[in-house]
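Questions regarding the structure given below will be posed in turn.
Chains here go by letter, A, B, C and D, matching the order in which they are written, and residues are numbered from 1 within each.
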Amino acid sequence: MTGTREPLLTVEHVAVHFGGLVAIADMNFGVHSGEVLGLIGPNGAGKTTAFNVITGFLRPTKGEVRFKEVSLNGLKPHQVTSLGLVRTFQRTSVFQDNTVVGNVLIGLHRRGRATLLDTLLGLQRETESEQELKEEAWSILRLVGLERRAFDLASALPYGDQRLVGVALALAAQPTMLLLDEPVSGMNASETARFIKLLGLIREQGITILLVEHDMPMVMGVSDRIIVLNYGRIIAEGPPAEIQRNPEVIAAYLGHGARRVHHHA
Amino acid sequence: MRRAFALVFLAFLLTLPLWLQDPYLLHILITTGIFTIAAMSLNLLLGYTGQLSLGHVAFFGIGAYVSALTTLGFDVDIGPWTFVHEPWPVMAGFVLAVLISGLCGYLIGKLSFRVRGAYFVIVTISFAEVVRLVALNWVDLTQGPLALNNIPAFALSVPGLGEHTLWGKVPNYYLVLAVAVAAYILIKRLVGSRIGRAMVALKENESLAVSVGIDVTRYLVLAAIISAALAGAAGSLYAHYVKIIDPEIFLFIYTVTMVIMVVAGGKGTLAGPVVGGLIFGTLPVLLRSYLGPEFQWIFYGLFMIFIVFVLPQGIVPAVEQRLFPSTREPPPEALATVEPAKGEPQ
Amino acid sequence: MGQFLQHLVNTLILGGTYALLGIGLTLIFGIMRVVNFTHGELYAFGAYAVFALSMLLGANFFLALVLALLGGMALGALIEIVLLRPMRGADIDTTMLVMIGAWIIMQNLEMLTWGGVAKAVVTPFPEVPLVIGSVSVSYLRVFVLVMALVLIAATYFLINRTKLGKAMRATFQDADTAALMGVSINRIYTATFAIGSGLAAAAGALLGPVFLAFPTMGDLAALKSFAIVILGGLGSITGATIGGFILAFVEELGAGYVSSGYRDAMGFVIIILVLMFRPTGLFARAERIG
Amino acid sequence: MLNMTKLGGRALLAATFAVGFAAAATAQTKIGIIQPLTGPAAASGNYVANGAKIAVEEINAKGGVLGQKVELVIEDNKSNPTEAAAVAEKLITRDKVPVLMGAWGSSFTLAVMPKLMEYKVPMLVETSSSGKITTSGNPYIFRISPPSAVEAEAFAPKVQALGIKKVDFLVVNNDWGRGAADDFSKMLKSKGIQVGLVETMDQAAQDISAQLNKIKNSDADTLIITTAVEQLTLAFKQAAALGLKRRIITTGGSQNPDQLVEHAGAAANSTMHLTFFTPWKPEMSGNPEAAKAFIEEWKKRGYPFAGLTESFRGYDGIRTIVAAIEKAGKAEPEAIRAALWNVELKGMNGPIKFQKAGPAGKESGQSYPGVYLITIEDGKIIVPQS
């Protein structure tokens, strides 16, 4: 960490209110280039809300999010994605009626070069661009290890593989930073292990990762740093080892989802 | 396989006037063709972007009126100004019909895609109704309920060969067929491209599509523009073929006819509107001897409910599944070429 | 001034029946998430029912009105049970297609039954108008307004003061939770559709004698109902009531001071304006669209 | 897809056979009729079609024409011009009728006219009144109804007697209504009478109170209304409800006065109507015997008496066409067209004989029937003595 330089992503005094309900009270943190940051907290702590605010799906009531020193306030989600900040979703995170490779091709949307005219007139640039996209799609499928299922319908895949398709989609959108929303929830142990390996590969490509996850051993294992949210507030921040010993964090989890921590611990 | 079917079918359509001499049946086929083009254009919105646009007839009608007025000429007073337009050739009318319908598609898209679901449906219906009432009441321009009559027949000007006016049924048949094939190819290219994938993505999961950087409004509006422009082309063909149009061209029932064609044939498939268009375009003629018009419509209504209950995907996907049960995704040839060599990926 | 007062009186009379139409449609949408394309046909049904009962069978005019309302409710219940019940859980576009099919069938059945020639209903009200100052209005229209207001009040009472109304409101809030609390969703849906349909039939039964009954009369009524509920916000009963009167007011003024040809266009122009500045309607509660 | 095509092809083939077979089996003389059987003008269109049916049965009972039975092919133009053109196309190309009658409204007739030119088939116009129909140079048009200018001239002598000073118009927004407003205005202005408001209404409009409210605030003494009977009923009722006290005169001969009395009640009192047939006094008809027989037959079939002022047009129209076929000696379009010029017939409202109208070389035929001004008093129809 290089102290004075502005982090890749900065969340500054962000608050989100739904009517009278405070989902996020006043949130401040930064994510530095190249790191893996885990965002944890009991159910309803505001993690997904935070994701939605950062990626433009929700407007914050107060505060500002900056990415690469550009304010994201007022930007639409697809504009945020264009800056290189790409997210995945908790559940239905694939295009069910498309094939796996079709999904990745959709994800590669921003990399197409052909214009509307090229497409309608069937010009050479259209063919070339499509060829490039297909090659690109295969390299992403190879990265996540799904090339054997390329022509299966996404909805026909086992759950764990569907989650991988979701990640492939996000990778296709050329992220500088990837926001993963509970990527291993519902996966079995071997699927989780495979996913952790994939995270390593993604990291090797220099992609920064912000991770929301309930699977404590997994988060503790992959994160460089962890932020703990409770009732819309950050209650702790630091390296995994430190967080595991933090009494406030333990209290929060005992109050809420002790079972879950226990289960994996 | 499918390509072969398409080519055989096209050959059948091309040779049809050679053995079908009955002018009335040709007439029916021409109007069927025109409505099929409109249905294909609607399919782009309804089938590919998943937006139930129920004002589609507005673009068809605007195309018809623009083309008719361009070729008939008009003079209109707006406030202190008088606009006089001398008649132009039909080709100009056709081009203007496409452009202005497309422009209306843009404006309406911009406005109505701010909402979804029931609001969107009602807004699109309202738009068509407003256009109908303008056509009905702006008598100076549109002749209102007096109808625009004596619209000239389509004329093709070929450099060096002079101008050819398409008076008869056979040339009109080929003209409509040519435009229909062109529309089919355009739509096929579009939906097979990155743009088409973006549209389908929006239909399936808007949030997810947005998260990979697809600009929702942009692609919905783009679909609306192209769809409206094609509908405008169909409207222009209609105006110069039937040679008379009046404000009832904007009635909701015509949109419903297009919707039935698309839904019955199979929305979101290329062949769907063609199959649906042919069935529902020619069915009235076949039924006419046996059923009164009211029974025919009742039959349509029942058929629509039947399709939704029994074949929600439409005829084409159902037939395809029967014919090629296991070819849900034949690997496209282009993809096969870059498929990695068999073996472990890493 | 006299002309303006006359327009105001006309507004009230037209607005009452518009409100009935709007409430019926918005109730069905709010609770069932169904855009009811048969709404206009139920309106036509009401008008034809009054014609058939009072002109053909010689029934008392007022009795005919009541029977038209009840008949509309029964027809609505039938549509709900036959067409909508099997569609539970289908998305809104799919049910719309089914309702469009039903609309086509109903309209053509009317055409077959009654023919294309419009039918007039003769009422027991005198032809001589009620004249107050510069304003003149027929007794029939005054009766229509009073009846419309009575029905609107009855609907409010039903929704806010009865057990059925409570269950309907619970379903409106959240159908799943209401079901968990022991509300029979099927029964609520059927009742809702029946009430909405009954209101449309009542509007037709009241306006039919003022104008004429003809097979396509429902089309414009349906379009206007759509305009009213968009204006008031889909699912808002208060919105539909006020929307009905606003639409009538704008139509009257448009016809009186702009051009009578654009009377029917006014509603749609309002829709477009509302959409530009307040896409969820004037009175909708904060609700996500899409 | 293959299956569908095959199925479609087979059905098409079957349909072609069916059509061919039907044509071979029936050696009948066909006459195509285009009328508004549905929509805002439906009442009138149905009356005309029924009048035509009576004429055909009468003719067939006497052995038909040229030894063949006459067969009517009746199509609905749905009170819409485009639909009128479409059914004309169908009647000519599919049913192969050699002659047409129709299409009631002026806008519908004008819509059909290019089809007549295209396929060279004559049409007898039984109701339409717009001047444009016979002045546009369409030699396939033969009209037995009076153009509105003729109607206006027939009314001209009454203007002084009634003491009319200023007139407002309320007309249906189509060729019929606008044509009537133009022609009557011209006639009135030539007599130095003021013309005030010209208000229009859509043919499907139900609520006309806004227009009537405007008219109520004008200082004219007379209101001329031109529209079909259903809308007239609404206009009368709404005028009464607004307390509009004005002399009301209607034009166009589609008022069916008895229906007005029945549906508009007291609101129809002291209104005046220009009609072209007086079934209340058949002895005034141009052909009293035929008129009495027709009225008898009409009543016998249980049709409303009110329809007679319209249905006679269908009856006269078919008799005129059949007379032409008889004269032509064959049921072919060109022969019928030529023969129509030589037809002379005693019609219900005067002799039917076509005179040339419109640009030289491509004249349309126009016959000049009688016009009557009747009054409704206390629910009774008062026919003038003349």
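Here is the rule we use: a residue touches a chain if its C-beta (ideal position, glycine included) is under 8 Å from a C-beta of that chain, and two chains touch if they have at least 3 such contacts.
The structure presented is a predicted model; accordingly, all values stated were derived computationally and were not measured.
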- request: Sort the other chains by how far their Cα centres are from that of chain A and give me the top one.
  value: D
Field: Pair joined by more contacting C-beta pairs (B-C or C-D)
entry: B-C
Message: From the mean C-alpha coordinate of chain B to that of chain C, what's the distance rounded to whole Å?
response: 33
Task: Determine the centre-to-centre distance between chain C and chain D, using the mean Cα coordinates as centres, and give it in whole Å.
output: 37
Message: Measuring centre to centre with CA averages, how many angstrom lie between chain A and chain C?
response: 49
Field: chain A-chain D separation of Cα centroids, rounded to whole Å
entry: 74
Message: If a residue has to touch 2 or more other chains to count, which residues of chain A qualify?
response: none
Query: When you check chain D against every other chain, which residues touch at least two of them?
result: 76, 173, 202
Task: At least two other chains touched by the same residue of chain C: list those residues.
output: 111, 261
Message: Run through the chains and report each pair that touches.
response: A-B, B-C, B-D, C-D
Task: Write out the stretch or stretches of chain A touching chain B in their complex.
output: 55, 57, 76-79, 81-82, 86-89, 92-99, 101-102, 105-110, 112, 114, 116, 119-120, 122, 126, 129-131, 133-135, 138, 142, 145, 147, 150-153, 169-170, 172-173
- prompt: Any idea which chain B residues touch chain D in the complex?
  reply: 5, 8-9, 12, 20, 22-25, 27, 136, 139, 144-147, 149-150, 242-246, 248-249, 271, 275, 278-279, 282, 285-286, 289, 293, 315-316, 319
Message: Can you tell me which positions in chain D touch chain B when the two form their complex?
response: 1-5, 8, 11-12, 15-16, 18-19, 76, 80-83, 85-86, 89-90, 93-94, 107, 110-111, 113-114, 173-175, 178, 202-203
Field: Contact set on chain B toward chain C in their complex
entry: 50, 52, 111-112, 114-119, 121-123, 125-127, 129-130, 133-134, 136-137, 206, 252-253, 256, 259, 263, 292, 294-295, 297-298, 300-305, 308-309, 312
Field: Residue ranges of chain C in contact with chain B within the complex
entry: 29, 33, 35, 83, 86-87, 92-94, 96-98, 100-105, 107-109, 111-112, 219, 223, 226-227, 229-230, 234, 259, 261-262, 264-265, 267-269, 271-272, 275-276, 279-280, 289-290
